[in-house]
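All chains are identified by letter, namely A, B, C and D, in their written order; residue positions are counted from 1 within each chain.
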Amino acid sequence: MAAADEVPDLARAGRPRIEWLPYLLLAPSLVFLGVFFAYPLVQAFGLSFLRPEGGLTAEHFQRMLGDTYFRGAITNSLLLTAIVVPIQVAIGLVIALLVNSRFRGHLWFLYICAIPLAISDLAAGLIWLSVFTERGYLNTLLHMVGAVREPLTYLSAEQPVWLYGAIIAAEVWRATAIVMIILLAGLQLIPRDYFETADVFGAGGWRKLWHVTLPLLRPSLQTALIIRTILAFQLFATVITLSGRQVPVLAGEAYFWYGLYRNPHVASAYAVLIMGVSVVITWVYLRALRTREEEVAG
Amino acid sequence: MRAPTLMAVVLAAILVVTVPAAQTGPAVEITFTSTQFSPVHETEWARDTLFRAFETETGIRVRFVSELAGPYMDRLQAEARVGRGSIDLTGTLHGDFPILVPAGVARDMAPVQADLARRGDRTFFPDLVRISQVGGIQAYVPWMQATYVIVAHKRAMAYFPRGSNPMAMTYDDLLEWGDAIKSATGTRRIGFPAGPGGLFGRFLHGYIYPSFTGSQVKRFKSPEAVEMWRYLRRLGGVLHPGSFLYSFMHEPLLLGEVWVAWDHTARLLPALRDRPDDFVVLPSPAGPRGRSFLSVIVGLTIPKTAPNAEAAARLIEFLTRPRTQVLTVQGVAFFPTVREAAGAVPTGGMKLLAEAVTAQQGARDARVALLPVGLGVRTGEFVPLYVDTFREISVLGKPIEEVLAAQARKLEELYRAMNAVCPPPDPAITPCRPD
Amino acid sequence: MARAARTALLATIATLIAAWVLFPILLISLAAFSSRAQLYSWPRAIFPTPPTMDTILFFLRAQGVWQATLNSLIVALFTIALAVAIGAPAGYALSRFRFPGREGFRLGILATKMFPATVLAIPLAVAYIRWGLYDNLLGVAIVHTALALPFAVVITTSVFIGVPMELEEAAMTLGCTRLQAFLRVALPIALPGLAAAAIFTFVLSWNEVFAAAILTLHNRTLPALLINAVAFAGAPLDYRFAGGFFMIVPAMIIIFIIRRYLMTLWGVTIR
Amino acid sequence: MATVLLDRVTKRFGRVRAVDGVTLEVRDGEFMVLLGPSGCGKTTALRCVAGLERMDAGRIVIGGEDVTDRQPGRRGIAMVFQSYAVFPHMTVRDNITFGLRIRKTPAEETRQRTLQAAELLQIGELLDRYPAQLSGGQRQRVAVARAIVMQPEVLLMDEPLSNLDALLRLQMRAELKRLHRETRATTVYVTHDQVEALSLGDRIAVMRSGAIVQCDTPSAIYNRPASTFVGGFIGSPPMNFFGGTVEEGGRSVRVAGTVLGLEERWAGAEGIRAGGEVLVGVRPEAFEVTTETRAGAFPAVVVVIEPLGGTTLLTVSVDGETAKVTVAPDTDHDPGQRVWLRPLPDRLRLMEPGSGRAVIPTQEGARR
């Protein structure tokens, strides 16, 4: 054996030190997202910050801020998100816990609860319109039990509680499923023996939920909250179907400014605002729900 | 699911989807886009009746696409920018042409118009031909006209103010009417299409503004306008609260949610056609400055990038033919642009509409308003200014004078920026500005 | 005793939630099987007597509905093909390799979910005309792919994490090349999971409204056709209800098909 | 059959050197065990041989050919994985024939070899089952059959028994031994179980922190560990170490106040200086235990008595340190009892206290 020869350093022998295969595999998605995502995104920023004839301007944002719907849109978007997301998380958690308890028939229960997952906001709006419209099923039912003689109008700004209630009902109905799916996945990752330990120490159901399940579920809660919140800011079809423009929302305003006013600049300003809010909220969630090391160890 | 089953399903789906797509259409096909005929029933009628007749006659198939104003304009402009297009013919409101002409979309239609004139079988209303001149060319061939009227359920007529003539209604009558219904039934039955797809903005700038102030823009914040907004606040008390959801008034009328509704003739027709015996049609109300109404003109133009301009010209000939025009008014309540068709007597629900339109146009105090022109790319901002004003004053309850002052500033900025002329009945001042 | 009470309570809650989900679906189905006259009358009967297909047939016979449904399917199939073809390699890379930039890529992919379709569709409409993709079903599929890609990557990552690397390594020691090992071992095992990803992509594409409406002219997808007819074109109530019903039927079927994967749809992704 | 040479193989993961310049030669037909605690780099070294890891430096030579740049499938190896890596979507038969099919072996030969392998591993009845229908032990057999059906020149096994229960492990261990005898394939076998290593290996390479610390026959490894690490890792219970001082110029060593005489060979060995510190290593069974004091024995106190059947294990305290001692089962001891331990001089090892390296006696040194 020629033991005296140099140790073949493969790095220097012309073989790449870097494993290129993963980058090769990522290349299609990077190229695709670059062309069909980054490019229009940059364009969108351009539209919102540039004058049509060139040059930077804050004019589009000023017009957005001065718009009569702006204050309502940002208030409603924040308010709806603040109301809808916690309800969705709460109900989603209840469903996920029920499914995870594996009671008899839990797969059917899961299937039923997951149906709205595949229903668009447009279709959900239509479904709930059939309930809340003046000649809708709610009035029909109330009429059957003798509560009303003439149909009541629910979807009117004069009845803000009903109007909001209808939107919230439709949104909770439609989008709780995704929260539930995410939390369910998280629950399945929690080893069963955690629960058994908690049982040994005599923790009751609530305390178990509070001290064992929720802390362990934190990463899933974080994912669910981020995804739901971001999607909540993009919501508009349900709101428009149910309220017209009586409850303006940010994404709806972007849509109206583009489709109705023919102004892509202000529409893009709204879109950029939505992005900004989404980024900030994601950051806040990530900070607030960061899993601390010692808790993982514990 | 087992993998082979899945693959089979996917393969089958691909087959089902691609095989029919491979079949080819007829020899000649032209694409016709429009912002009109967008309601489902109108689209159906256009495809099944109007264009089928054309195809039977000429063998040219029409691919009709009805679009929202937004995507519609985008597409035309984008095709013009690229210099290559798929649209052979397009038809839209007069107000869109001041955008389309400078964008290089519309070609000069004068030769087509001249060809039509040479046929001698149709006489276009001269004032329509006159206003079709935009940016130095004839931007379009006048195709259809429309206006807005009131449809009322017969049961509402019992509450109409005694001693007033419904065919010569005033805004005070309308308010009194609503009040009477409200106090008798406890419900508010007057409705406007104030939803996102509705034309309430047209009512504000083209009907009530000129009726109260004699102006659409100039007297925007005048004392008469303040008076008008006070009236609107009172009227709000008798309006159906669902108005902010309504796009097309035939639906709430048929449902019985609304007894008295103002809307575009084409958007009222289905109610009249379904139950002609239940409804009456009334002209729009009159205010202190007369009975103002909008006349909407829809024009046809061939884009410069049209692949088949010759076939498009044949379709224009067909659509402006007096017989086709009669067919159109009967089918979708768009009124003719040629004199020969105006004399035809409609039937059924359409008859009611025609009578009301005639009453509206022929009224002693009639005052025609036209859609604003010359606002170019910012045309879309005009109507929302009025709707926003309504929202701030009537919905949010802000002080009238303040809101009017603020909105007038925006209106002035808009007109100055585009150097646009005042729309009738305002005098032709450029740029227009609210006093 | 307490245990029985607890079970009863859980059963009640589960029943209530299931009813809450199903009830509106039942109502729109009833509406879809009611005649126009029934829908327009007051007081209205909850159960259509007799049930009628008129409303649904009216919708299905309306111009463009079949073509739009077909277009929706084509777009969805294109989208699935693109999203899986592009997303699965990335998911495979994320599941198999630790490499510099891995976390950055993962975050970047998820960050794309923050941007609404609205922002993409507007500038793309202009670009598409230049590129000849306008009014092209492929163009719509591309935007849908951009929207679905993050999910495709995330789901395929978890799918491949579920296929042990050692299986491929074993195949390689038995004479396979890397590609053969993937094709003969990893892929067949991952196929059901990839099918779940494909179905998820289908749902996204089937439901997407905005981009489809902006980017097509003749070749409308079903949601684009519906949003136009419903929100702005004053479609009558019966048309709306039938349309809503028609859109949710595939949803129910799809969720039924993938019900087995619901438990793991998000699976390992959050690990 | 072939030799395997790992020539100065280095593999880094980030900053960690998982395998650090390892050189190891496996003889033709030899059963070589790579033994070490988890994380010592033994699996990585094996995967380098298989070609599943891309090395940072060094080369792999199999049968005299440098295979460093070859795909795993072109190295003439077969591998059995810790998780078995049985393909779940194929029947047992398809699993076993997989490699042959990839190599496009003729159908008849494939059938023959499959039957042979199945018979060898007694899984003939299972050929049409799917892995999900098999027990862990059966899956393991499939994995082995799949490897040996390739008639590899080199068979690599990565802890193949670690997922089996104790009884099955014992049984399979014997079978692997039989299998090796029948196939005579050069085998590299990774394990952290020293009993497995001792029972299976022709030679054992003990690894620690990415390097081989000793490579020798099982008995040499057991009796003459090259370091305190090897002594402590091999053997159950492990070797005892007592601190001592060299006296009489290397002829004796003082442990726990007692002078132990050393054999001739230690005198003059490197690291043995008068007055120098040294560690005295004694296997638990290499003591003579008495209840009375005698020459060359140091005192201890019995702490725990564990009868193990064949032997009895005493835990004793020597000068405050614990040590393990095995005695015959019939001897009588009580906790707290004072005993005297005399290490058998020929079984005694000396180590340098700082490095833990074994002191090499002069004759042995010469043998090397």
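One rule holds for everything that comes next: a contact is a pair of C-beta atoms (placed from the backbone, for glycine too) under 8 Å apart; a residue touches a chain by one contact, two chains touch by 3 or more.
None of the values given here were measured: they were computed from a predicted structure.
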Pair of chains whose C-beta contact count is the highest in the structure: A-C
Far-end chain from chain B, centres as C-alpha averages: D
Whole-Å gap separating chain A and chain B, where each centre is the average of the chain's CA atoms: 38
Separation of chain A from chain D, taking each centre as the mean of its C-alpha atoms, in whole Å: 55
Mean-CA-position distance for chain C and chain B (Å): 37
Distance from the mean Cα position of chain C to that of chain A, given in whole angstrom: 15
Multi-chain contact sites of chain A, meaning residues that touch two or more partners: 19, 135, 151, 240, 258
Junction residues of chain D - those touching two or more other chains: none
Touching two or more other chains - residues of chain B: 68, 71, 196, 255-256
Residues of chain C that touch chain A when the two form their complex: 7, 10-11, 13-14, 17-18, 20-22, 24-25, 27-28, 31, 39-40, 42-46, 85-87, 89-90, 92-93, 96-97, 99, 101-102, 105, 108-109, 112-124, 127, 142-143, 145-146, 149, 153, 178, 203, 206-210, 223, 226-227, 230-231, 237, 240-241, 243-244, 247-248, 250-252, 254-256, 259, 262-267, 269-271
In the complex, chain A residues that touch chain B: 67-69, 134-135, 150-151, 153, 155-159, 240, 243-246, 256, 258-263
List of chain C residues in touch with chain D within their complex: 164, 166-167, 169-178, 180, 184-185, 188-189
Contact footprint of chain B on chain C as seen in their complex: 40, 42, 62-63, 70, 73-74, 77, 125-126, 129-130, 134-135, 188, 191-192, 195, 213-214, 217-218, 228-229, 231-237, 239, 257
Residue ranges of chain B touching chain C (in the complex, touch as defined): 1, 3, 6, 10, 13-14, 16-18, 20-21, 31, 33, 38-41, 43-44, 47-48, 63, 65-68, 71, 74-75, 78-79, 81-82, 86-87, 196-197, 247-248, 250-251, 254-256, 267, 270
